[in-house]
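Sharing a structure here in structure tokens format.
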Amino acid sequence: MSSVRVGMVGYKFMGKAHSNAYRSVPMFFPKVKKPEMAVICGRDEAAVREAKEQFGWQESVTDWKELVQREDIDLIDINAPSNAHKEIALAAAKAGKHIFCEKPLALSLADSREMQAAAEVAGIKHMIGFNYRFSPAVQLAKDLIESGRLGKIYHFRATFLQDWILDPEFPLVWRLQKEIAGSGSHGDLGAHLIDMARFLVGEFKEVVGMSETFIKERPIASAMTGLTATKGNADTEKGPVTVDDATLFLARFENGTIGSFEATRFAAGHRSTNSFEVNGSKGSVRFDFERMNELEVYFTSDEEDVQGFRRVLATDGAHKYAEAWWPAGHPIGFDQTFTHEMVEFMNAIEEDRQPVPNFSDGVACQAVLEAVEKSVQERRWVELTEMEDINQ
Amino acid sequence: MSSVRVGMVGYKFMGKAHSNAYRSVPMFFPKVKKPEMAVICGRDEAAVREAKEQFGWQESVTDWKELVQREDIDLIDINAPSNAHKEIALAAAKAGKHIFCEKPLALSLADSREMQAAAEVAGIKHMIGFNYRFSPAVQLAKDLIESGRLGKIYHFRATFLQDWILDPEFPLVWRLQKEIAGSGSHGDLGAHLIDMARFLVGEFKEVVGMSETFIKERPIASAMTGLTATKGNADTEKGPVTVDDATLFLARFENGTIGSFEATRFAAGHRSTNSFEVNGSKGSVRFDFERMNELEVYFTSDEEDVQGFRRVLATDGAHKYAEAWWPAGHPIGFDQTFTHEMVEFMNAIEEDRQPVPNFSDGVACQAVLEAVEKSVQERRWVELTEMEDINQ
Amino acid sequence: MSSVRVGMVGYKFMGKAHSNAYRSVPMFFPKVKKPEMAVICGRDEAAVREAKEQFGWQESVTDWKELVQREDIDLIDINAPSNAHKEIALAAAKAGKHIFCEKPLALSLADSREMQAAAEVAGIKHMIGFNYRFSPAVQLAKDLIESGRLGKIYHFRATFLQDWILDPEFPLVWRLQKEIAGSGSHGDLGAHLIDMARFLVGEFKEVVGMSETFIKERPIASAMTGLTATKGNADTEKGPVTVDDATLFLARFENGTIGSFEATRFAAGHRSTNSFEVNGSKGSVRFDFERMNELEVYFTSDEEDVQGFRRVLATDGAHKYAEAWWPAGHPIGFDQTFTHEMVEFMNAIEEDRQPVPNFSDGVACQAVLEAVEKSVQERRWVELTEMEDINQ
Amino acid sequence: MSSVRVGMVGYKFMGKAHSNAYRSVPMFFPKVKKPEMAVICGRDEAAVREAKEQFGWQESVTDWKELVQREDIDLIDINAPSNAHKEIALAAAKAGKHIFCEKPLALSLADSREMQAAAEVAGIKHMIGFNYRFSPAVQLAKDLIESGRLGKIYHFRATFLQDWILDPEFPLVWRLQKEIAGSGSHGDLGAHLIDMARFLVGEFKEVVGMSETFIKERPIASAMTGLTATKGNADTEKGPVTVDDATLFLARFENGTIGSFEATRFAAGHRSTNSFEVNGSKGSVRFDFERMNELEVYFTSDEEDVQGFRRVLATDGAHKYAEAWWPAGHPIGFDQTFTHEMVEFMNAIEEDRQPVPNFSDGVACQAVLEAVEKSVQERRWVELTEMEDINQ
């Protein structure tokens, strides 16, 4: 079984997470096709060389256009800034490389569709980085739903609550600027909720939403890296926040399930509460990523006097991916979700099938995001069918 | 200090809860004006006589019209079926009696306003039974918000989740028939969430919602009492469910807070999850009535390395009403919320002021309920100002 | 069915709890034999008269010796200070009255045995106030064990943690003086754990323990009532604390179960954590009185991928006593444990059998308490058989 | 800054965990001295060669005696079976290599002391693998105690509860045989509790304990690897279990703290509940490794109405080691505890100081383990001073 030689564009937060995942696949999943950490690419030559050393890549380069053309590369991993995704992906697809692209696929639905079309024409394998699907506890939720053990699904409700910009003096980082980030909590956090809903429940039918920007202006950031930035003071000049601080929406799914969604960066005390609950005719499940090793599970079929939500630790052999790691009851962390994601990609390549989630999931997520935005602007319900006309 | 002689119309679930509250006031709050359990009234003479004995009233009668005219009665407590509230309240107000009315005030906003107007003209004291406000933990939440310790409020989110009609063979009880119950989970459960939001955050500005009836027909109930009923079988004739099984809505408040609400009877595993969370610029609070003695509290001002939600037990002298009961750490239950409610009414009468919540809160709640219903029907945002034209 | 006329000696914390229980039996358990609140007795004539009014007794008296002789009294309820229990109980038994006695039965094992013997000779019904048994969630634990659903029991571990005397300036109240209180946290809190263990697991075989008094002297209390007292200051004279602040012990039971026990008043943050866990060959249960409506339950027979502790709300018809109160999911409180206790006593009288727990349980608990004390003093394991020689 | 070339003896569960840690240090702690994964050693040539490939070592060998003599090796990592620790360590020390040794240091206190003495004579750096200390949440607990924010410590209570041998048909693996494993749950699980107590509270003064073997015989295992084994059936021959299934003990510390300890493999529903609680005069902390990213923290100095245990997520920059990983609120797992451990060892080497915990901690832990065993055998309290005579 030959290995898959990876060329990765990007080397910050996600570049580190992906690197860690690639190197962990052969160690913890030795029977899976091996990703080879061939080339890392970034614009700053010194920085990317340092990343190469630190993360364990064989080679570093600065020109992604050359990289995607190299014959010794099988897969292009795109975790450069979001507004660069499309151009790189189109070139990589044209060059016949498999593609792993971080979310969001692109900054617009039209662009996303263009990328999907290009990938399909090229006949490559493509995947999108909705890593939360790959928590063993989430996989258990999926299995309980698909196998019918929760019955017909009535409710889905999900929140992604953070508090890192609660302080009005927190500066105007790029994530708060629409031209760079596309949207605020909606695209950053809400996108994960939408993907989780599609994964667990199915396709959206219609949505109605609301958005709010609580702090309208912030100190202009003097310097920023990743998620951090130097805090402003009274004298710092201010600029307008052009994205949403919070976006909420209600939804109806094709299968009749109804849903509630909330993404915010203004929930004091919530560092990263990425949570969902599903209620079906035969049971319920509940998940919170802050306790990612646990799934709460309820069955209506339990005996009457002992019915209650069970706290299931998804850490033993009965749970997907778990056996590769530690003994029962020993937690795994955020990084493992990426490793599992890469296992899925390697398996898909080996088995000559599309991995899941792939670019079609990125497109579908983008369609819901934009339907919600349209709903917010037009103050009305928007059906997903309305988004079908938006093309490349 | 003279006592207040109560005449109570109704003797089922709420009649029992109120009776227990009246008899508990003098025992646990000996310094509070005493409610005297004078007369209990119901249509079934034998049944109401039995209730009189069981609950400890001095006298039982069957004609509420006579009761409201009696000179020896100071206060009329209305917990008869909802569709009887208005007629009794109007008569009691006219007779100059103080009124305690269970929620909902009436089946429509117009009727509610008529009742409020009548109460105001009569110059009586009036109160409505939103008992959940009177949990000490909820009082703590209120105090933290009002005193500014949570800062400016950004988010309110609340759910009231139950599962008692999840079984499709559960029969068509009166609570599932619009002509008797007015609405389903929305009016029954959502009303409590709306009142809680108004209590903690303030007035609603606009809403957008959705409703669903998952099980469209059910076996016609052969017999029913209160919340229970004989379950149907395959041969039982079915009739249409005419109320909502679930209603969700988003809201904007006058003060800029945004909110999310969900009331459902289809959340498997949730016996009665009446919960809310409030996020402000300086902290957050979280409450779930299933753990009614607890309030989770977060402050942004805590030292950096020990920030986290605190589980506060609202059972000691630092918490409103708590000192009247048991030592710190000893739980109180659902029944105490009613006792505290009656303490507030007695204090208001003694101090010659309106108790809170009163009929105006019943009207305001009804306005939000109907605005949501209008939004569901017309599939659009509805401003509360639109409800102002609805008059008696 | 005639009622049972009660004469109660004592009117403080426990007097109030018992009064509330007696008046609640007929209201919430109308089919149960009715306790009639006939006479309340205390030394301070004015205070006991006030208690009579407040709690709803028919008559107040000051001489318990006369009271126990009255022909119109069927049952004597003893909740006077612990050091008065024995004398009153012996007199009441001699007079042929049924007896409800608060825990501890007496200040010594010998005295306890004397009381039990007297009660048996008199042929009366006798009960001891281990109220925690009567939480519906605890009853569920008992049922799961007795029915074999937890299999063979291996482990019992229990803690009763409080923090009300953590402050060294908290004064030297009577509960900290051996001559009045008998012992400290051991007799006050540990006694409840011992009774719970006996209820759920069975008889003790041997124990080894340790005790500690962390704060050796405290300001002499200027005034004290029940659990509260005026705090001392720098100038207040100090006196020695003569009871244990904390007592821990290990135990072996007759049936092979092993156990761990801890009672302390020095566990910061614990208002009243009265908790236990039982592990058997087929499952486990966990309880904490601060969340008294819940029992956590685990079964080894659950399917492999969904094993986990269930949070069972013992608030619906499937749970003992629960149906008498509120709908599913609506909490009850500390007070209900007393009501259920009195229901058991009334039923036992009606059915002409001894109620459980009775004086023999008080004696058995006292034997374990004293075995632990002996173990602490002699720094060795003490078998319960060693306590058999201690007689009246 | 030169790197540290590691030679590792052992390649199973702990070999994998250590390998993952060594390779993670340079990636996530780039400023720390780098461990170089030079040589992996095991008896089975094919298996160790495979491990070399899988884990990323430069070379594999089969003779540890040669390995410890190699000049190109700076550090010997010993995670071979426990009964081989001593011989390897003595040789490595003699050869002047730094040593990382998994717990237990050796199978007896005498052996442990011999190892410590040899290491001291050799002047090498030595460390023992008590990895749980290195959870950021545990580091926070340590910091709160050391800085005095919890005040004087009164109580320490800890449990390590598992359930993997609950089934009587689970076979007689090596961990259940005294000659190989030394002891059962006591040495395997209890050792971690003892080390945690010493880390947080200080030195032990005296102990009293009890042990139990619930299942006296088990099917002889046909094949076993690491923690798993083929389950027996009715026909399988049985052999005696020669270690403890559960060991509990009480303790007094030098500083006056009192403690309770329980280690068992018979706690149904507990996969790996490694938990502790510390109560001090100014506050408390609580930890459970199943939720290793959280520390519950209580302060008596909080305002009266909002006192309660805080759920602190130790995942942001205010917490030791956390910044190296993911953004706030994103969990880390079991593997990171080993990475942090190796960071400490590398830092100690760079700074020319002994790392903590080192062989002296291994010895001290062994002394407590054996004191408890002595107490169990002799059914009495054993002072730690009694263990001082036990020498190499």
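Each chain carries a letter (A, B, C and D) given by its place in the written order, and its residues are counted from 1.
The rule is simple: contacts are C-beta pairs under 8 Å (C-beta built on N, C-alpha and C of every residue); 3 or more make two chains touch, one makes a residue touch a chain.
The UniProt protein names, listed by chain, are A, B, C, D = Gfo/Idh/MocA family oxidoreductase.
Predicted model only: the values in this text are computed from it and were never measured.
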What is the graph distance from chain A to chain C, where chains are linked when they touch? 1
B-D versus C-D: which has more C-beta pairs touching? C-D
Rotating chain B so that its CA atoms sit on those of chain C: what angle is that, to a multiple of 5 degrees? 180
In terms of CA centroids, furthest away from chain A sits chain C
Centroid from C-alpha atoms only, then distance chain A to chain D, rounded to Å. What do you get? 36
In whole angstrom, how far does the Cα centroid of chain C sit from the Cα centroid of chain D? 41
Just give me the whole-number Å value for how far the CA centre of chain B lies from that of chain D. 54
What are the residue numbers in chain B that touch two or more other chains? 270, 307-309, 313
Could you pull out which chain A residues touch chain C in their complex? 140, 143-144, 296-297, 299, 302, 304-313, 318-319
Chain C contact footprint on chain D (complex, rising order): 150, 154-155, 157, 159, 161, 163, 166, 168, 208-210, 212, 214, 246, 248-250, 252, 256, 258, 260, 262, 264, 266-270, 277, 279-284, 298, 300, 307-309, 379-381
Which of the residues in chain D come into contact with chain A in the complex? 13, 16-17, 19-20, 23-24, 26-27, 30, 54-56, 162, 164, 227, 270-273, 289-293, 313, 315-316, 325-336
